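I have placed the structure first, in the form of structure tokens, so that the comments after it can refer back to it.
Naming follows writing order (A, B, C and D), and every chain is counted from residue 1.
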Amino acid sequence: MTSATAVTTLGKARWRQLLPVYGVYVALLVLVLFNVVYTDNFLEWSNLRIQLVQVTPVVIVALGMALVIGTEGIDLSVGSVMALGAAIIPLYLGYGPAAAIVLALVGGLVIGFVNGGLVAFVGLQPIVATLAMLVAGRGIALVLSSGRYRDIRNADFIEIGTGQFLGVPYTVWIAAVLAGAVGFLVRRTVFGRRLLAIGDNRPAAVLAGVPVRRVLITVYIISAVLASIAGVIQVARIGSADASRIGLLIELSAITAVVVGGTPLTGGKVRVLGTVAGALLMQLLTATMIANNLRDSTAQMVQAAIILVAVYAARERRTR
Amino acid sequence: MSLLEVVGVSKQFPGVRALDDVSFTLNAGEVHALVGENGAGKSTLIKVLTGVYRPDGGEVRYQGEAVSFNGPLDAQAAGISTIYQEVNLVPLMSVARNLFLGREPRNAIGLVDVARMNREATDVLSGYGITSDVRRPLGLMPLGAQQMVALARAVMVDAKVVVMDEPTSSLEPREVETLFGVIHRLHERGVGIIYVSHRLDELYRICDRVTILRDGKLVHAGKLEGLQRVELVSHMLGRPVDAGRSFTSFAGEHEAAAAAPVLKATDLSSRHRLNGVSFEVRPGEVVGLGGLLGAGRSETIKAVAGALPLDSGAVEVDGRPLRRPSPVSALRAGIAVQPEDRKAEGIALGLSVRENIALAILPRLATAGVVSERKIDEIVDTFMQRLRIKASSPHQRVGDLSGGNQQKVLLARLLATGPKVLLLDEPTRGIDVGAKAEVQALIDELASEGLGVVLVSSDAEELIEGSDRVVVLRDGAVVGMLRGEEVTTEQLMNVIAVAAS
Amino acid sequence: EDDNTNSTSSANASAAAQATKSADAAGATCTLQQFGGTKIDLKTAVVGFSQSEKEANPFRIAETQSIKDEAKKLGIPEANLKTTNADSKFDKQITDVSTLIDQGVQLLIIAPLNSDGWDSVFAKASAKKIPIITIDRKINAKSCTNYLTFIGSDFAEQGKRAADKMAKALNNTGTVSILLGAPGNNVTTLRTSGFKDELAKVAPNIKIVFEQTGNFSREEGQKTAEQLLQANPNVNGIYAENDEMALGAVTALKGASKKAGDVKIVTIDGTKGAVQGIVDGWIYSVIESNPRFGPLSFSTAEKFFNGEAIPENIIISDREYDSTNAASDLGLSY
Amino acid sequence: MTDTVVTPPAKVARAEAAAARTEKLVERFQRQGALAVLALVIIVGAITWDSFRTYDNIGTVLISTAPPALIALGMTFVIISGGIDLSVGSLYVLGGVLAAWASQYGTWAAFALPLAVCGVFGLVQGSIIAYARLAPFIVTLAGLLGARGLMLALSDEGADTYLVKTDSFKHFGTGALGGIGYPVYVVVLLFAAGMLLLYRTRFGQSVYAIGGNVDAARLMGVKIRSTQIRVYVLSGVLAGLAGAINAARLGSGVTVLGTGMELDAIAAVVIGGTLLTGGAGTLGGTIAGVLLLQVIQNLINQSGRITSAWQTVISGAFIALVVVVQTYLARLRRVSSG
């Protein structure tokens, strides 16, 4: 083999290794460039702001989802947990926003605990355990809210959804801080390493003395609590708590964001920044199609195609 | 004319040159040994031969013609049958279905004839000494038996070439004999056999010629007869070794008699698996667990490590009983376990060498839950050097290491926990002579440092040489014990035989 | 602080009830004889009610409640009113109604999820001569053969009235965006076509610059409105095909620092929140779609069993709210 | 010398015989766990509600089981092969719309078009999964969007509903033989064929093998790709068929169907004892699972007064309960025979 071909093969191999890592960012960049050229007012701060605000719930839910997927699990119940959080808020808003928010998060914690328990102790497959909770959780939310939605008039609470700091909405700050925290958790903590080991090889993690059940339960609790935070933010933003609608199908958006962001569904790896980028990509995609007034049918088909292309670019390559 | 030939093949993996201009020739009717250290490229060469990997350069010739198999199926259709290094069967499917997968007997209308398949499977397998119900899931059978099924499967077709990548690594002496019988029959039929093993005795018993690889390069090829063991090993290792050493690297007895036991297992019972197993290990002592396949040795190890739910029984470390046995509490008490099935239960293949080594001791390397990269680096460096782990960097994926190096990574993880008791289930399975000697020496060293070691090995010689005492198991119960002078292969077989009658 | 939007104050109950707009003299009618059924006494009859969506929005809550209340008022024992809820799954609604028929109901009141796809139900119901009253959404089939009558609003008419309001609000010039309802739903289709046709007629100078779905939900309505305000910052009017999306749009307008009245919103339904929105100045007008079907449904059934001729379509007259009456009629909203 | 401990042989033998007996019993119960729960639920229902055990009601349950059963049939193959198919709900609607449209060209066209189009959808999904090695979850999620988009495009954003024009096609959906609708017979036939395909053909063996251990299956010479592709084609075709049958029954190509259908199908398959990780499962269990979900809905309707919110809670709790029981039984089985 001549050295020239050796160099190109090496270059190709390197590119192949880098693409999965940076594929989602490339796609994001392409989409942004497209919008800069074709969409009016795209670079206006007010527009960027709206995109960020709209993507926050998905980002927050997807962060939890990424952790769960890192353990080779999946959490379908996040949408229902959001609804539960939304249902709890108006019930306790009388005691002040703080109390209501805490109780909404406790609601998430309980669901997460049940999910985690079903997975870690009963040994259910995550998709089934959380599927049951997807159905039942929304039912509980509806029962709690007596099946009807409530308008929220508490100004302090609404401020969370509409106020801003340094020109950036609180909700975006919250999502950014949470993303940072989850990133730190994965990269730098004992918990994060254990989580990845469980996702890679659970029996091995058991024999290595990793407290597998505790880690799994914690992961599902984190996912559910993040989902209820998203629910709270959503309620504060739209000013009403509608348990039958909030978080509908968000599990699919979150999973898509995680996978498009380069986290494999097979566990053992979590890409936090990629997840955020994945969520942004899907958000911008929707926005682009709305801004250009595409019909729903076309929009769905385009979205399908983009998901496939993005995941294809982000896939792990194994040599043959 | 040669049956199968490889000319100047190269194969590059990210960061490693697994094969570098390797040539290899197999003639009809010969048993050809393929040897080399861990990571020398043996399995890679086999996978190139059978179309699993596509070579970067070079050529494969089969019966004189250049071929490029498009996967194992292609190779199989052409008459090259392979038993891969790791047992590669489907555990959830029945034994019979595994045996016949892809060539099930069919009835007149093309449906699988299940009755006939089961009958034939029973017949075929009884020839290999396997009498269990062929309708049961394969995964419930012991590893050795699974290996025999894989062997039966490979040999069932009319192959011209049979490739065996470490077929004996999980076999008992008795089963090894069965295997050799099979090889003998194939040999007589004029089949060419490629045989990979780290057990030199076996090579000398059955092989005609040998090809030696080192670091992906061909270093020697020729007749095995006349090639001294020492020469063979020095070729493999790339350095001269002194002749006249014993078969294993164990130094011998340890002084442990007086001390109080560091591990005490009492009356371990678990339905259908263990039946009141009791034994003790003193600091500095290596206790072997002997017995035939399925005697319950692995179960005993798991029970002590807290990974097998017990109906009754107690485990004490340093006189302190383990409350609520679990792998976590066992680890905390100072028990480190190396499981039998490295790939399934041992290491996390997708994680790096570094993460694997640090996995069990993360809390110790962290403050307030945040890990210190520096502390991890220190530990990892120490153990990578001490065990001579060959990896391109600590960040390399363990799944891309050779089998032996994977094993060393696993051992490094155990040692990093600073255990009082080491439970080793087949610690030298699938690792090369050099590494094996290192591991054995390491066990010795650890014992002399005062650790209690429990050793399980299906290599009787290793068990006898390495152990100070041997507890003999059968059907999940202790049937005897050998100590001091009694620790010999004959005595071991004797006890097993007495218990059986 | 938070308040409960939905408490139909009983004081207003009679005023809020539906009124028939047209008995459509020209249209076909149906009598018990023509239909071929037998006379039954409603008080002891078994009645089946199939609801299409979860009772989670004001419209559905009011609708189901109205049926239940009226049954109670008529003295129908609780066990004799069988209710099912299809949870927005059309397959389930078909099965639900089949089950109701199997349970021996003698009158079916159906709030259909979809206008087509009722063949198997008709086959089963007509074999047993069970009259079907469909409420709020029409079923595409033969009246008096497949079903008895349709009671409800004229959705195209609602869209038309919305267009008239919009034309008035914008003085016949400007740009309008539409927040569409759920795709594939004939309410959406009719409210859209009614609006567009009328607008083209009465105010050709108003341009429709944007139409995207908000799926009848407040959350999605808000999201879509936010996007539309980015693409068309100077839009003059928003036509929301239900109140929920209109309320979402209001929040979006607030977020975009618009002031009440900057953008004229016309919407359809008549929920408390939306009518309050008129009072607050954010919404220009609300066209009502009255969900209180109980009284009219049962009285129609009673008439039918008494041998009177029942018209094919019973179109109710829907109120409308704007700044002139919103404050005073707030109690009539649901 | 050696000290030898020997367990009394008689005791061991007795214990072993007892163990073998329990093992058999548990194994049987485990394999038919869903069926056992189904029987229990039916008995309780029949005792509690007279209207539950009528012939008419049984007919209603069976006919409404037909489309989900067909979808679950395909899903069982997919899940055993280690995959998942989220696109079935969308393909079901698409199939219905296509069947209704094509019915103007006759009954055969009404079946052929949806089967062909949905089959091609499955082919594309399967090929992407097999060749590009993307996760089935994400590929079929894209398929869910794509098929729904196509359906909306064909029906003017869902506004057009095609009515079934051919009476013979309509009759197929609404007609009955002995009080049982024709589609039920089709389902029974297809499940029988499915069982032969899964248990008694090489294709079926390959499905189990790639789901059980895909690497091993590859090395054992199983054609991974063609098996995967065929599994998704099968699932697509069956979803299209379910849509066509439903269109015949409803008399039109309803566009507002099918949301959440994929999750129902997955739930039914898992309740039937199929492992979501692949490699194990039975079609008998799937039937029991589908029926179980329908019967629960029917019982909720029998009671007639449960609010929609509570209905949801009950359904969810029920899924969890059955799967927990299922898992527990499976564990018993493993312990007693491992």
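Heads up, the rule we're going with is that contacts are C-beta pairs under 8 Å (C-beta built on N, C-alpha and C of every residue); 3 or more make two chains touch, one makes a residue touch a chain.
The chain lineup, named per UniProt: A, D = Sugar ABC transporter permease; B = Sugar ABC transporter ATP-binding protein.
Not measured: the values here are computed from a predicted model.
Undergrad: Would you kindly say which chain has the C-alpha centre located farthest from the C-alpha centre of subunit C?
TA: B
Undergrad: For subunit C and subunit D, what's the span in angstrom between their mean Cα positions?
TA: That pair's centroid distance is 36 Å.
Undergrad: List the centre-to-centre spacing of subunit B and subunit C in whole Å, with centres computed as mean CA coordinates.
TA: Spacing between the chain centres: roughly 72 Å.
Undergrad: Distance from the CA centroid of subunit A to that of subunit D, rounded to the nearest Å?
TA: Result: the chain centres lie 29 Å from each other.
Undergrad: Quick one: subunit B and subunit D, Cα centre-to-centre, how many Å?
TA: About 41 Å separates the centre of subunit B from that of subunit D.
Undergrad: Using the touch definition from the top, which residues of subunit B touch two or more other chains?
TA: Each of 52 in subunit B touches at least two other chains.
Undergrad: Touching at least two other chains at once: which residues of subunit D meet that condition?
TA: In subunit D, the residues touching two or more other chains are 152, 157, 275, 307-309, 311-312.
Undergrad: Touching two or more other chains, which residues of subunit C qualify?
TA: 54-56, 183
Undergrad: Could you please write down every pair of chains that are in touch?
TA: Inter-chain contacts occur between A-B, A-C, A-D, B-D, C-D.
Undergrad: Which positions of subunit B touch subunit A when the two form their complex?
TA: Within the complex, subunit B contacts subunit A at residues 10, 12-14, 52-54, 56-57, 305, 307, 327-328, 330-332, 337, 339, 344-351, 355, 358-360, 362-363, 366, 369-371, 413, 417.
Undergrad: Looking at the complex, which residues from subunit A come into contact with subunit D?
TA: The contact residues of subunit A facing subunit D are 76, 118, 122-125, 127-129, 131-140, 142-143, 146-147, 252, 255-256, 259, 264-266, 295-305, 307-308, 311-312, 315.
Undergrad: Mind listing the subunit B positions that touch subunit D in their complex?
TA: Touch residues, subunit B against subunit D: 52, 71-73, 76-77, 82, 84, 88-93, 97, 101-102, 104, 106, 110-112, 114, 136, 140, 153, 271-273, 275-276, 475, 477-482, 486, 491, 494-495, 498-499.
Undergrad: Please give the residue numbers of subunit C that touch subunit D in the complex, ascending.
TA: Checking each residue of subunit C against subunit D gives 51, 54-56, 78-79, 82-85, 87-92, 94-96, 98-104, 113-120, 123, 140, 182-186, 188-189.
Undergrad: Going by the contact rule set out above, which residues of subunit C touch subunit A in the complex?
TA: Result: residues 1-6, 54-58, 61, 183, 210-213, 217-219, 222-224, 226-231, 233, 247-248, 251, 254-256, 273 of subunit C touch subunit A.
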